[in-house]
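Pasting the structures in now, so scroll down.
In what follows, subunit A forms one complex with subunit B and a second complex with subunit C.
Take a look at the complex of A and B:
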C-alpha cells in the first residue's frame, strides 16, 4: 500500500518535472511578451480610471468609471469607431477578393509569370509612410497627381480626391498594399492543391466553374481565413496612412488616430484617452474571437461532404 | 473567368483564352507597380520637371539623391537614420527568432499542456492597438531613461513581431513528420541533436520567411519611432517624412528619398519571394 502510494508519488513528480521541461523553452518568449505588452495595458487600465490632464497640468484624480461614461456619450468617438469598422472591413474584403482573383490569374503558365509576380508583390514591401506620401502627392494630388492629369486630359475638371473622399483615399492605398499579401497566401494555397484531384474532376467532366466552387474554394478556406485574420489584425491598427494622407480629416479619423489626437497628439487627456484604448482592446479581442469562429462556421457549412 | 483560371492551372495549354488571361495578368501587374515606378522616375527629375505635367521624356539627374543624402549639421542625415534603422531591425529580428524558435517548439513538437490557450494569448497581444499602449510606454520609457534610444525601439520591435513569428514558426514545426523525429529518437539522438539535424533543416525556408516578415514590419514601422524616438535614434521612415516641406516643390526630393528608404526591403522581398510563398504555404495550415 505504502509502496504503491510512494510510487505514484514518484510518477507524479516525474510528470511534473516533464511538464516543466516542456515549459522551459516557452518561458523567455512568454515572460517577455507579458512584461512588454501586458504591463502597459495595466497602466492604461489604471489611467483610465483617473482624471489626468497634462496641459494645463492638473493633479491626477481618481474618478472611477466617469471617463467611460463620457466616452460612450461622445459623438466623435462613435464616429471614429464607425470609421474604423468601415476602413477595416472594406480594406480586408477588397484585398482578399482582389488577391484571390490575381492569385488565380498567376496560378497558370504564361510568358513572364515570375516577373509579373515580382511586380505584384512590390506594394506590400513599400513602407506605409512612403505609400501614403506617394499616393497623396503623385497620384491623388490636384496639382501634381497622375489621376488628375488623366481626368483633365479626358476633358473633366480636376478633383481633390483626398478632401472629397478621405476614407476611400485611404482604403485604396490600403488595398493596394495588402492585395499582394493576400495574393501570396492564396497562391500558396493554390499551389498546394493536389493535381490528381483536379485531374480527376476534369476527367469526370466537371465544368471549370464546378471545379472551382466545389474543390478549389473549400481547399482555399484556411488560407482565406488566415488572410482575413492577419489582414484584420494589421488593418484595424492603421495609423501611418491616416497620418500622412488626411491627417485625420473629416470622416477619416479611425480609432487609433482618435486616441492619438486626444492624448499625445495634442489633446493631452490621458485619462480619457486611456479609457478609449481600453474599450478598443476589449472590443478587438471580442471581435477577433467571435469573428473568426463565425467565419469558420459559415464556410464549414459549404463544404461538400 | 475565375473558374477557367483555376482549371487552367492544370491544363496549362495555349489557346486564345489562355493568351488573354496572360495579357490580363500583365496589365494588372503593371497597374499595381505603376505608383512605385512613378516614384522612382520622379526621383531622377528636377523639381520643375516633377511638378510639370507627367512625362517620361527628361534628362535623368542624380541631383535629388545628392541633395537628400547631403549631411546638414543639426538635421537628421540619411546615414544616421539608415544605421539607426539597421540596428533596430537586425537586433530585434535576431531576438525575435531567438525566443520564437524554442517557444514554437514548445507549442508543437513537445507541446505544453493547454498550448492552444498559450498560442491564443500570443496572438491576442497583436490585437492590442499600439496606440493604446503608447502613453504608458512613453511614461515608463521616460522613467527608465530610454526615450530616444535605439534600445527602446529594439525592445518594442521584438515585442511587436514576436507573436507573429511564434505563430508562423509553430505552423512550420507542425509540418515536420512525426516519424522523422521518432526515428531520430530511436537512433539515440539527443533533443539538441533532433533539433539541429532533423527539425531545423526542414523548417529552414519557414525560418527565412518568418525572419523576412519581421524585417519588413520593423523596417517600415513609423508610429512608435516617431512618438518615442524623435530625437537621437530616428529611423528611416522619420527621415522620409522630413523631406516633405511646406515651402516650394518637394516632389522630386521626396521621390528620391522614398526610393532610397524602400530599396533595402523591396530588394530583400524580391529575392526571397519564392521562399516566402513556400513558407506561407507551409505555415497556413496547421
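Take a look at the complex of A and C:
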C-alpha cells in the first residue's frame, strides 16, 4: 500500500512539473498582455465611475453609475450608436457580397491569376489613415477628385460627396478596404470544396445556378459567418476613416469617434468617455464570443465526405 | 438501359503529347458489367470520365444507346456516377443527397421520396435518411453514393474505384453485394478499378488498359487462360505468372535445364518468327514440386491455409531466377530445402515485342 501511495505521489509530482513546463514559456506574454491591456482597462473602468474634467481642472469625484445613466439618456450617444450600427452593417454586408463575387471569379484558372489576386488584395494592406486621405483628396474632392473629373467630363455639375453623403463616403472606403479580406476568406472556402462534389452535381444534372445555391453556398456558410463576425469586430472600432474623411461630420460620428470627441478631442470629460469606451468593449466582447465559437466550429471542419 | 460504345476515342490532356486514352474501341452490351482495369496512369479513369462527360473526347466518339454523346454535357447523358471519395453533398441529409438528381429533374416531391425510400430499402439505409454524411461510417457513405446512383434509374452506371476507400474485409463483402445489385437491376455498368482481383470477380468482361491503350477485353476466364500479351499475363492473376526470358534453340525453349513441350501452334509460330529470344509464362499453379525436374533452393514459403506458394531459386542461363510454385496447404517444404520444379500445365509464349505466340 505504501508503495502504491508513494508511486501515485510521484506521478502527480511529474504531472505538476510537466504542467509548469508548458506554462512558463507563456508567462512573459501573459504578463505583457496584462500590463498593456488589462491594467488600462481597469483604470478605464475606475474612471468611468468618476466625474473627471481636466479643462478647467477639477478634482476627480466618484459618482457611481451616473455616467452610464447619462450615457443612455444622451441623444448624441444614441445617434453615435446608430451610426456605428449602420456603418458596420452596410460595410460588412457590401464587402461580403462583393468579396464573394470576386472570389468566385478568382476561383477559376486564367492567365495572370496571381498578379490579379495580388492587386485585389492591396487595399487591405493600406493603412486606414492613408486610405482615408487618398479617398478624400484624390477621389471625393470637389476640386481635385477623380469622381468629379469624370462627372464634369460627362457634362454634369461637381458634387461635394463628403458633405452631401458623409456616412456613405466612409462606408465606400471601408468596403473598398474590407472586400479583399472577405474575398480571401471566401476564396479559401471555395478552394476547400471537393472538385468531385461539383462533378457529382454536374452528373446529377444541376444547373450552375442550382449548384451554387444548393451546394456551394451551404459549404461557404461557415466562411461567410466568419467573415461577417471578424469584419464586425473590426469595423465597429473604425476611427481613422471617420477622423480623416468627415471629421465626424453630420451623421457620421460613430461611437469610437464620439468617445474621442468627449475626451481628448476637446470635451475633456474623461469619466464619461471612459463609460462610452467600456460599453464598446462589452459590445465587442459579445460579438467576439460568437465569432470565436464560429471559428472553432470551422477549425473542427466538415468531414470530407 | 443501353449499350455503350467507344469509337476510336482519344483524350489528349492540354500540354501533353501522349494521349491519356489512345483510340479506344470498346462495345459494352446492354446490362453488362464491364470492368476497366490497369495500373495507375493507364487511362482507365480518364476513359470513364470521357463517358461521363467530365473529360473532352479529343478524337473519335462515344455512344450511349443510339445517341452520339461525344459533345453532350454530363446532365444530358442519363448516367449516374459513383466517385472514389463518394462526393456526397456535405450539407445535405442522406435523403436529400439521394433525391438531389430527381429534384433537378423537377420530379414531384411525393414520387421523389418514394423512390428515395425504395433505394434506401434496397441498400439498408432507411434508418439513416435524416443523417448528414459526416455522421456515417465509410461503408454507409459508400452505400449512400450507390443509392444516389440507383435512385435515378439511369441508362448507365459509372463507378470510379467505388470500393477503394473501404477496409479490406468490407471491400470483399461489398464487392459481392454490388455485383448482385447490378445483376438484379440489370443496368449497364462501367466499373474502374486498379485491383485485378476485384476486376476478375465482378466483371462480366474485363478490359485491361496500359498507357492509354486497350490491351485486351474479354471474359475473366479467357483473360486468365489466354492473355494476348506479356503485360496482361503479368497483370492478371495473383500471385503473378512466372515470366521467364529465354532463348529459342533447335529443341525449342527451356527454363534452365527443363525443356518445355509446346503446343504445335506455338512451335510453328516460333520457327516462322525466327525470334532469338522469347518470354515463357507459367502460372504458379501450373508448376509443381516433384522428384524430377529443375533443381532449386526454397527461399520463401507463403502459407495461405488452403494453399501455399513456394518461392524456389533455380539457375537459368547461368543466373539465379525465382519461380513461384503453388503447393498444397499443408506443405512440409521449408526455407532452405532443395526441391525440383516441374511443369504441370499449360505454358504461354510471348515474342520479344510482348505479343502472344500460338493459340
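Criterion: the second predicted complex is superposed on the first by the 251 of 305 C-alpha atoms of A that agree within 3 Å, B and C clash if a C-alpha of one lies under 4 Å from a C-alpha of the other, contacts with A are read in each partner's own complex, and residues count from 1 in each chain.
Quick note on the criterion: a residue touches a chain if its C-beta (ideal position, glycine included) is under 8 Å from a C-beta of that chain, and two chains touch if they have at least 3 such contacts.
Since the structure is predicted, the reported quantities are computational estimates derived from the model, not experimental observations.
Steric overlap between subunit B and subunit C is absent once the structures are superposed on subunit A; the two fit side by side. Taking subunit B and subunit C in turn and counting the residues of subunit A each one touches, the greater count comes from B. Looking at the shared chain after the overlay, A:207 reaches both subunit B and subunit C. Of the two partner chains placed by the overlay, neither subunit B nor subunit C lies in contact with A:242. Of the two partner chains placed by superposition, A:49 touches none, neither subunit B nor subunit C.
Of the two partner chains placed around the shared chain by superposition, subunit B is the only one that A:139 touches, whereas subunit C remains out of contact. Judged by the touch definition given at the top, the superposed model places A:218 against subunit C, while subunit B stays out of reach. When the shared chain is aligned, no partner comes close enough to touch A:171: not subunit B, not subunit C.
Look at A:199: by the touch rule set out above, it reaches both subunit B and subunit C. In this overlay, which is a superposition and not a single complex, subunit B and subunit C have their closest Cα atoms 8 Å apart.
Taken together, the two structures place residues 199, 202, 207, 210 of subunit A in contact with subunit B in one case and with subunit C in the other. Against subunit B, in their complex, subunit A makes its touches with residues 19, 22-26, 28-30, 32-33, 36-41, 43-44, 47, 100-102, 104-113, 115-131, 133-135, 137-139, 143-144, 146, 149, 176, 179-180, 184-185, 187-193, 195, 198-199, 202, 207-213, 216, 222-223, 226, 233, 236-237, 239-240, 243-244, 255-257, 259-260, 263-264, 270, 273-274, 276-278, 280-281, 284-285, 288. Listing the residues of subunit C that touch subunit A in their complex gives 52-54, 73-75, 79-81, 83-92, 100-101, 104-105, 132-134, 136, 141, 148, 152, 158. On the subunit A side of its complex with subunit C, the touching residues are 194, 196-197, 199-207, 210, 214-215, 218-219, 221, 302-305. Here subunit B touches subunit A in the complex through residues 2-12, 18-19, 21-22, 24-26, 28-30, 32-33, 35-36, 38-39, 42, 50-51, 53-54, 98-100, 102-103, 105-107, 110-113, 118, 121-140, 155-156, 158-159, 162-163, 166, 216, 219-220, 222-223, 227, 236-237, 240-241, 244, 251, 254-255, 258, 261-262, 265-266, 268-270, 273, 276-278, 280-281, 284-285, going by the rule given at the top.
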